[in-house]
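Next come the structures, one after another.
Two complexes follow with chain A in common, the first pairing it with chain B and the second with chain C.
Moving on, here comes the complex of A and B:
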C-alpha cells in the first residue's frame, strides 16, 4: 500500500487560478472521499478543465493547492500519476501511433501495467488495433484513452468531459466501463461533464461551478431531495448567471 | 517512482520520437547517394558535395528535430499525454532531446560516412571541430526549441525575447569588435567554444526548466523558458562586456612585453605598445602614453595604429592616424602641454579610404597624409585641405617636412617591382600648391628614408633582390651618390642621424656599419659582426649609433652594438637588448631625438639605457 493510501484521494484547498487579469477559479475547496464518484458540473468556461489540470499537476494554482492522497499535486505529480488515471477532454495521444503501439508505449511508462486487461477492454470497444490514433473516430479515441487510463488500475480516475461529442452508444460504453471499474475495485472518480442524465446513475456527490466559484457541493441525493427537481433544472438554476447563490 | 522506470520511460519516449521521424533517416540515405551520382549528373565535385550535403543534413536535422520534438506537442496539446503518466519531467525532456541528438548525428553520419569511407574527406586534425561542432549542434537544437516554443506560444513576450536577443547580440558583437581591435584573439577556438557552450547551456537549461515548471502549459512554458535563457545569457554577455572593458583598461603595470616605443623630443612622455600580462589575454596589444617619471599614463585606445605617432619639435603635441587602413580613418591629437594630457579627434580633410603615410610638421602647424591616389596637406585642426597632389601608387609612403613646412614625398609612376622613375612631389600648404620638383631613377620597389628637413633622401632599390642604395637631393632628386651598388650587400638599412649624416648597415657574410656625410661622402666603415644578421641601426644618443643584431642563432633575441659615430669605433656590445624605435613593428621609423635611449630587453621590458655607463633602468614590462 502506498504512503498516504488512507488519505483523502482528492481535495482542493482554496484553489484559485487566474489567466492574466481573468479570474478562472476563486477559492475553490472540496474533497472527494475514497470510493466516491464526484460529478463536477459547470457551464462552458466555468473553470472545470483548469481545475482538472491543477489536479493532475499540469498547471500550477495561483493560490491554494490541489491535493491527491495527501500530497501536493504539482510538487509530487510524477509519483501521484501512478495512482491516477486521466481521460482528457481532448484526446492527446500521439496521433501517428496505433492503439497497439500506444499500448506498448504507455505500458513502458508505468511500473505496474496490466496489458492483458487493457487489450481486453480495447477488444470490447471494438477498436482497430493497427489504425493510427489520428484516424480513429472520436468515440474510438475516447475509448482508447479510457482503456489506457485504466491500464494501471488507478485508485483515482479523473474524467474530463469524457462523453463530449460522443454518440449515445459510445457514451454508454464509457459509463459502463466506469461503472464496471467501480464495481470491481471501488475506485474514486472525479468526472466533469455536461451529461447530467448519465451521471445521475453513478454519482454520489455533485459540485457545481459558476463563474469560477464552487456554489454547490453536496451529495446527489440531498440535492435532489432539497430541490425536488430534475438534475437538469437544478443545474440550470444554480449555474445561471442570474442566480444569486445556493438557495 | 524508481530511477529504473524513469530511465525506461526516457528511452521509450526517445524511441517513439525517433520512430515518428524515421523518414528523416531515409532522406539521409538518399542524400548520401547524391555525391556518388554527381559525376553523372554533372552537379559538381564529389568530395565537396559530400561534405556540403553532410553539413546541410546535420544542420537541417538539428533544426527539424529541435523545432518539433517539444514545441509541436506543446502547441497541439499532446504533451499532457506524457505528463499524465508517472514520468518525471526529466524523462520526458531527456527522451525528446536524446531523440533530437540521435536523429541529428545519425542523419549526418549517414550522409558523411560513405564519402569518408572512400577517402573524400577526413576529420580535421586538432579536434577543433569537436570543440565547436558538438556544442554547436546542442546549441542549434536548443535555440530552435526555444524559438519554436516562443513562436507557437503566440505571446507578445516573444517580441520582448527578440528585443532582448538583439540587445545582447549587439553588446556581444560590440565587445568582440573592441577586443579584436585590441588584437585580442577573440575568435580563438577556446573563446568560441566557451561562448557556444554558454549558449548551449542556456538553451538546454531553458528546455529543462520549461519541462519542470511549464509542463503542458505553453504560455507558462514560454515564460519559464524566457526567464531561464535570459537569466543565463544576460549575465554571461554582461560579464563578457565587463571583461572586455576591463581588458581594454590595461595600465602600464599590466604590460608584460613591450613591442615598440617612441619618446617625445622633450620631456618624459613615451608612447609604448605592448602585450599584456595574465590575467589579461597575452595577445592583447595595448598602446599607452606613459610618463615613467610620474606614473601618469593615458590609454591611446584600440584604434592606435601602426603609423607611429608624430610629435611636434617642442613636444607639446602628438598626433597619429587611427584606423588608418579602414574606410574612415581619424586623426587623433594628444595635447601634452597640459598637466593632464587629453586626447581628442580633429578633422581629417581627406577622401574616404586608407591612409598610407602620415607626417606632422616640426612646428605642429601642418599634417600631411598620403593615400593610394592622393596626398593631402592641411593645417592641423582645419577641416579644409591646404594643398593636394595626385599620387600614382598604393604603397606605404614616407613623408617629410622641410624647414618651410613643405611636405616632400616620392611618387612612383610604374608598377612596384618595375624599373622606372620616382617623382618628387613637394606640397606647399602656405602657397596652396603642389609641384613635381624632380625625379629619381629606380630599379624598382623603392624604400625611401628622408633626412631631417627633407634635405636629402636615401633610397634602397629592390630591397627584395640584390638591393642598392642611392642618396639624392630631397627636392631635385639629383643623385648625390650610389652608396651601395647592386650586388654590394644582401640587405641594406639606412638611417639618418639628426645632424644629417647617414648611417648604413649592410648585411651579407658579415654586418658592416658605414657612415656617410650629408653629401654622401663615406667617413668610415666598420665591421660590427662577422656573420649574417638582420641588422638595423638608430641614433641612441647624439653621435652614438646603436646597431641591432637580431637572429644570431638565439631565436628572437637581439644584441646591440653601440658605436661612436664620430670616432668610428665600437663602444661596447649590449647583450639581450634592441633599440625600441627600430622595432620591426614600427613603420618607417625615423630618427627621433630620444628614441635611441629606449631599448627592449629579451624579457620584453622597456629599458632606458645609460649610454655612458651601460646602466639599465626598467621602465615597464618584462615577464
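Moving on, here comes the complex of A and C:
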C-alpha cells in the first residue's frame, strides 16, 4: 500500500486568497472522498482557477490550505505530482512539439508511466502524432492534454473546465474517456466547470462558488431532491451576484 | 448494443439517474425487447454509452439483480434472468402495492378519475405486450 493511500484525496481547509485588496477565495472548505466525482461550479471569475492553482501547488494560499492525500498541496507539491493528473483550462504544451515528442517528454517525468495505454488513447482520439501542438485543433489539444494527464494513472484527476470551447463531439469524447477511467480504476475526479449539462450525469457531488465563497457543497441527488428544480435553476439562483442564497 | 439507445435517461430530471436506468431496463424486459438469457452491457460500456457515472449504472444493476430481473454470472457478465424473480410472495405484493400507490397518487394529483387511470394502466399493459417477441402485434 502507498503511504496515505486511504487518505482523503482532496480537501480544502479554510482556504483564502487575496490579490491586493481583491478577495478571490474566502474561507473555502470542502472534502472530496475517494472515488467521488466532484463538480465545482461557478461563473467566470468566481475563483475556480485560483482554487485549482492552489490544489496543484502552483499557488500558495493566503491562509488556510489545500490538502491532497493528507499532504499539503503547496509544501509537498513535488511528491504529490505523481498522484495527480491535471487537464489545464488552457492547453499549455510547448507549441512546436508534436504529440509524439510530448509523450516521450512527459513519460520521463513519471516513475509510473503507461506508454502503451497513452498511445492507445491518442490513437482512439485520432490525434496526428507528428503535427506540432500549436497546429492541432482545440479539441485535439484537449484530448492530448487528457491523454498525458492519464498516462501515469493518477489517483486524483483534476479537470479545469475541460470542455471550454469544445464542440459536442469533442466534449463527449473527453467524458467517455473520464468515465472509462472511473470504471476501470475508481479514480477521484474534480471537475471545475460552468457547463452544467456536461457534468450532470457523472458528478456525485457539487460545489458552487460565488464571489470566492463556497455557497453550496452537497451530493447532486440531495441537491435535486431538496430543491426539486433543474440544477441549472439552482445554479443560476445560487451563483447570481445579487442572490441572497438558495431558495 | 442498440437497445441502449432506447434507454432514455435525463441527467437534468429530478428522478435519480440510477432509478431512471432501472426503470428503463425493467421496461425493456417487460416489453420483451430484452429476453431471458440476453446479455446486458457491462457497467463500463453502459456508463460510457449513457455518459453517466459508472457508480450510477452499478447501483441500477444492483437493484435489478436484487429484484431478480438481472443475474450476474461470475466472470462472464450480466444477463437478463431466465428464472422467475426470486422474490417472496410478500415482497412481491409489497413492491406491487407501492408501485400502484405511486401510480394512483400521480393520477389523483392530476385530477384524473379512477376509470381513466385504469384505462391508462390497461393501455400501458397492451403497449408492453404488443412489443413482445413471438406475439402478434
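Note that in this section the second predicted complex is superposed on the first by the 245 of 247 C-alpha atoms of A that agree within 3 Å, B and C clash if a C-alpha of one lies under 4 Å from a C-alpha of the other, contacts with A are read in each partner's own complex, and residues count from 1 in each chain.
One rule holds in what follows: a contact is a pair of C-beta atoms (placed from the backbone, for glycine too) under 8 Å apart; a residue touches a chain by one contact, two chains touch by 3 or more.
Note that this is a predicted model, so its numbers are computed, not measured.
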Scan A:184 for contacts with chain B and chain C and give back first, second, both or neither. second
Quick check for you: in the superposed arrangement, does A:82 touch first (chain B), second (chain C), both or neither? first
Return first, second, both or neither, reflecting whether A:230 touches chain B, chain C, both chains, or no partner chain. second
Once the shared chain is lined up, is A:110 touching chain B (first), chain C (second), both, or neither of them? first
Would you tell me the residues on chain A in contact with chain B in one complex that are also in contact with chain C in the other? none
Mind pulling up the chain C residues that touch chain A in the complex? 9, 11-12, 14, 16-17, 43-44, 47-48, 50-56
The chain A residues in contact with chain B across the complex are 53, 56-60, 77-82, 84, 86, 88, 90, 92-97, 105-106, 108-111
Residue ranges of chain B touching chain A (in the complex, touch as defined): 1-2, 5, 8-9, 12, 16, 20, 77-89, 213, 215-217, 220
Residue ranges of chain A in contact with chain C within the complex: 35, 37, 172, 175-176, 179-180, 182-184, 197, 200-204, 221, 224-225, 228-232
